[in-house]
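In the two assemblies presented below, chain A is common to both, partnered first by chain B and then by chain C.
On to the complex of A and B.
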């Protein structure tokens, strides 16, 4: 029983991070109908930014969260203005290729700057707390709490009257929204920038409990894709449930089998989701 | 017709290189250009014509490579091993095709992305394929054999693409890219066509992978199923120009040349440069180098014609 609780808590932490990855993906997809293959590299950005911050200045890694968010928002805005804004109205092939190319560039840059080493740091909250026989690290608790706060803040922003309405209007019909006085450009910039900031925050948290490599974001992004597809692209509540479910699956499968089997099972879930979703990733709306 | 003749002539020239005393270095460059050309044409067939982006063409070649090596080590003759490589790869592509090509849009791209990752994880778990340590070809073959085979395959793939592009099937595929609903409305069975062309494209990758296995002789899961090969497979046609038979040819030559220069100047910048090239071509040069060259020629022609009339 203690073991099951222990694994469940590990799964919960993993799942909450996955939920944050998925939230960022769903936000950009929801507003711009864009699948951002470079999302993973923004996660890696946050992770390395936090790593550098902690190892060079010696401050608590918690500072990595706002720093990564700020860095992510700035870089996200720049990428949106330079690249993503040019993709509106282009065929899907070109939009996919552009974000994929961004991802390749990012991967190359991180490999160039940091090499393939596994990077970790020991600063920040340490030690464990024992609750009913279950040992939980303070780091895990910090990550969980941070995920809940950041996730709730994002949801509040998306559902807030003007911003959220703007997002939803742009998502439904770009031209009509513009004609009705919605600032489409600003909405799209904000959505992308917030999404990248979310990715960078995820990275900061991941560097906190895991190891940072040039590939770390890519691996999390794959799991994030499974979450948004299983939960239904564009459905935030579906994605949150799927994130927790996949977090638990991952935690239990890694313990009873091993890490690669956990990954294999997660990835196979994607094919199952594709098979049982005859109307496509968006449900009924995929017709267009 | 003239196009086919030029292709055959170029291929014949490239194929006799190992026997004509050309240096091993030059021969290897030509070999790699041919290998990437086959993968590029295969990608061009599927993604260039239908608009459904595949991130897995390198992994498909990996399946061909593994099949060929395991078959030859099991005592099969080389021809049969290559046939097996084609058959297994085509069959494997159905896993992606049947799950995702009934659906529109990005579902296919996701299915290919995860196929790549699953193959790597799966092969590492498979003791029959050598597991994480990989496997080695037991027979020692002269490198001229894969060289000739690869060059011929590249020529064949290029001619096959040109024929496909001009055929009724090619027009139907382009119609799917243009507007799938409209294509379906005029009676094009989009799902069947997409699965069919993906299968053909995969078979081509399987053949290239099988031949490449004869060339490299030892297979490691990490390098055989590395994303890098899949990136090359899409970079080659994109940079050269999608939808055209000549685009991947220009792309493959340029890519191999660029890689050699980078190897000397800045080896670690390779990924960054390739990514930037894809990005720039996608944003500003949608029909690639071949398209740009054609427009340039066209402009000169109209300019000359204008000069003639002015006189």
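On to the complex of A and C.
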């Protein structure tokens, strides 16, 4: 029983981070119908920003969360205005190529700046708490709490009637949305900027419990895509359910089998989900 | 003061002068029909007023404001609403959500948008479909739904882009009655191919050919205008 609880909590921590990755992907896909392959590099950005902050100034890594968010929002806005805004109305393949190119550039820049070393730091909350025999690190608790707070704040923004309907209107028809008085350009900037801020926050949290390498974000992104697809493209609530499910699956599979099996089972789940519920766990059936 | 005042408006696509120096005004409460053969430039003029694109020359004033360079959403917020020739509902949203996504024009923000929406839907005969996804409606319903969505803007000017296109006779009759009721709320500019059905509704009709206004006046004047007859019947089967 203790073991089950232990694994469940590990899965919850992993799942909540995955949920935050997926939330950012789903937000951009939901508003702009854009698959952002560069999302992983924005995660890496947050991780390195936090690493540098902690190792050069010695402050608590908790400061990495707001700093990464701010940095992400700013860089996200710039990338949206310089690159992404030019993709509106272009064929989907061009948009895919553009974000893929951004991702490659990002990977290259991080490798150039930091080399391939594994970066970690020891500052910040440390130690464990033992609850009913279950050992949980303070770092994991911090990550879980931060994910819940950040996720809830994002959901509050998106589900505000006006913002939410505006986002969905933009996603479905930009011209009609504009004719209805919705500021399409501002909606897209906001969505992308918030999405990148979320990615950077994920990075800050990942640097906290793991190691930072130039492709740390890239690795998370693949699982993030699985979550978004299993949850239903663009469905935020579906993605959150899928994230927790995959987090738990991963945790149990890697204990009882091993890490490779956890990966394999994640993709088996993707396959099954596409067969059984092609529009996502909670997806509408008529996603026309 | 005129509701809408376009002066010397030009728009060129490549070598084609789609709109070639047009003056066009709409008075408050007026229903103006915009007619002309295919390629006359009426849809281009319509889109210039709606803000889908900007003119190469000339000015467009709405109320007191120069809106020549205003993007479409700002014009909507000032009170210019529109429908589309090919309907553009937010298909995955319910009819009600479609209407609630509208940002009402400035100064007209309602405290009870749901009630307003229901009232407008009742006005276009769709009250019982409020919770259905927009994608489930027939074309005739969607055409009327777009009028309701445009009215949700609380506009002072409403632009109807071929409101009768694709409708059956019964649906057309319904749409014509609807357009008459819309006139009470806002000035109307209507682009329409079906001159026979649409002309009698108009306070004033403007006829364009090859990017220019060739005639304007009351429906009776337009029917007997030699330039109009020539433009529509012409010397060639195409008529311009």
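By our rule, the second predicted complex is superposed on the first by the 268 of 288 C-alpha atoms of A that agree within 3 Å, B and C clash if a C-alpha of one lies under 4 Å from a C-alpha of the other, contacts with A are read in each partner's own complex, and residues count from 1 in each chain.
Simple rule for what comes next: contacts are C-beta pairs under 8 Å (C-beta built on N, C-alpha and C of every residue); 3 or more make two chains touch, one makes a residue touch a chain.
Every value quoted in this text rests on a predicted model; they were computed, and no experiment measured them.
Taking chain B and chain C in turn and counting the residues of chain A each one touches, the greater count comes from B.
Shared-chain residue A:225: touches chain B; no touch with chain C. Shared-chain residue A:107: touches chain B; no touch with chain C. In the superposed pair of complexes, A:35 makes contact with chain B only, with no contact to chain C. Shared-chain residue A:271: touches chain B; no touch with chain C. Of the two partner chains placed around the shared chain by superposition, chain C is the only one that A:166 touches, whereas chain B remains out of contact. Touch criterion met: A:177 reaches chain C, while chain B stays clear of it.
Under the contact criterion defined above, the residues of chain A that touch both chain B in one complex and chain C in the other are 286.
Those residues of chain C lying in contact with chain A across their complex are 50-52, 71-73, 76-77, 81-82, 84, 88-93, 97-98, 100-105, 133, 135-136, 149-150, 152-153.
Taken in their complex, chain B has these residues touching chain A: 47, 51-53, 55, 95, 99-100, 102-107, 109-111, 113-114, 117-118, 121-122, 124-125, 177, 231, 234, 238, 268-276, 278-279, 282-283, 286. Here chain A touches chain C in the complex through residues 161-162, 165-166, 168-169, 172-173, 175-185, 284, 286-288, going by the rule given at the top. Only residues 35, 83, 86, 91-94, 96-98, 100-109, 111-112, 222, 225-226, 229, 260-261, 263-264, 267-268, 270-271, 274-275, 277-278, 280-281, 286 of chain A touch chain B when the two sit together in their complex.
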